[in-house]
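I've put the structures underneath this note.
In what comes next, chain A is part of two complexes: it sits with chain B in the first one and with chain C in the second one.
What follows is the complex of A and B.
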């Protein structure tokens, strides 16, 4: 009877320890997933911004808006003769190229 | 049953506890590794984004220099525009015989100072590496000035 009770106590303790650790680990994994998705989004935003900038430098007309999966890239000309590229995700700015200039040569 | 009456019985540690500890350890290691990997990826993405921003800023400045050169009467101009700590954009412009601007160079180069600072400690070609090491040790111990 005594052995059975101690075994049950051990099981309950094991379950508690496991539950706490699993919770912490799941939180860590969720955080890692969020960071990973953020960095993937940033990388894709950089590629999109580069594409828009290089297209404009090659003679593409502005303003231009491109949708790629969840990202929206927008290129608009500035007053100084250059252009600005902004990539947003759900209305939030992910990446910006402040100034792009066409090569005169 | 016999094992439980031995060492582990007093401490209240059975097979389930051992499995739980192992499981928790494995979970902790994998989740920590995933977090570290995600952070490393994030740093890399940010570094890439910063490098691209720096490149376009330097490129815009170079275009302005080119426009300025086209207006001036200079025959040739060379500029190095710093981008990051280790990279610069080097441009070399020359005026052609018909007055148009000719680009001789428009490329990203490694900054010279950083190249020297981060050079690997390779053998310079004078003396034996073993002898140099021994000499260094003696100097460090204060035996030789």
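What follows is the complex of A and C.
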């Protein structure tokens, strides 16, 4: 009887250890999913920022705001005659191009 | 023979352990598949747009870029060294490049398949080239390139 109880206790402890490991695994998986989504968002943000910058370099007016899927790209001219592009997602800055210059000649 | 009173709880715990193990394994597999699929999609779009942008940049000179049709869709014709041109287009589910003589009678299937891509849409306005690529899963990747030599490139 005593041997049975100790075996049960051991199983409960094993299960607790497993549950902790499983929880850590799940948290890692959630983190991996978040990073993966963030990576895709960053790639799209880079191309959105590049498009806004290229359009401005070709003579498009500023300031300009463009919505693409969940991203918002905003281009505004700076005092130095250049432009700055910021891409945000839910109000959080995803990507920025600090200084864009128009094509010369 | 009298059964051990702890046998049933032990079995229940083992079953719970097995269910949790299977659940974690399935969840891991699902997340791993999602991550790899997303990485492949993102990688394909990024590679395609980078390749196109770089090809446009290296051909950015007067009269060297032309938006045309080839293989049943939009295509970019980029002038190379004298007498040769590079055609970039989508055909048969693949993004292809075809390096050929200007007067060659090459057909779309002659091009080298670079990566899977269903449709390439190209528009030229002023000195800008708008590029849109559509993958087989319907995902689209867009960018715009401002040619440094202006409209004279087109």
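Worth pointing out:
Here is the rule we go by: the second predicted complex is superposed on the first by the 87 of 105 C-alpha atoms of A that agree within 3 Å, B and C clash if a C-alpha of one lies under 4 Å from a C-alpha of the other, contacts with A are read in each partner's own complex, and residues count from 1 in each chain.
Operating definition for what follows: contacts are C-beta pairs under 8 Å (C-beta built on N, C-alpha and C of every residue); 3 or more make two chains touch, one makes a residue touch a chain.
All figures in this text were calculated on a predicted structure; none of them were measured in a lab.
When the two complexes are overlaid on their common chain A, residue A:58 makes contact with chain C while staying clear of chain B. In the superposed pair of complexes, A:11 makes contact with chain B and with chain C alike. In the superposition on chain A, A:19 makes contact with chain C only, while chain B stays out of contact range. Legend: residue contacts after superposition of the two complexes on their common chain; A:50 is shown touching both chain B and chain C. In the superposed model, A:98 lies in contact with chain B only, and not with chain C.
In the superposition on chain A, A:90 contacts neither chain B nor chain C.
Judged by the touch definition given at the top, the superposed model places A:82 against chain B, while chain C stays out of reach. More residues of chain A lie in contact with B than with the other chain of the pair chain B and chain C. In the superposition on the C-alpha atoms of chain A, the part of chain A touched by chain B in one complex and by chain C in the other spans residues 7, 11, 14, 18, 22, 25-26, 29, 32-33, 36, 39-40, 43, 50, 103. Residues of chain A touching chain C in their complex: 1, 4-5, 7-8, 11-12, 14-15, 18-19, 22, 25-26, 29-30, 32-33, 36-37, 39-40, 43, 47, 50-51, 54-55, 57-59, 68, 103. Those residues of chain C that touch chain A in the shared complex are 4-7, 9-10, 13-14, 16-17, 20-21, 23-24, 27-28, 31-32, 34-35, 38-39, 41-42, 45-46, 49, 126-128, 141-146, 148, 150. On the chain B side of its complex with chain A, the touching residues are 12-14, 16-17, 20, 23-24, 27-28, 30-32, 34-35, 37-39, 41-42, 44-46, 48-49, 52-53, 56-57, 59-60, 63-64, 66-67, 70, 100-103.
Interface of chain A with chain B (complex): residues 6-7, 9-11, 13-14, 17-18, 21-22, 24-26, 28-29, 31-33, 35-36, 38-40, 42-43, 45-46, 49-50, 53, 82, 95-105.
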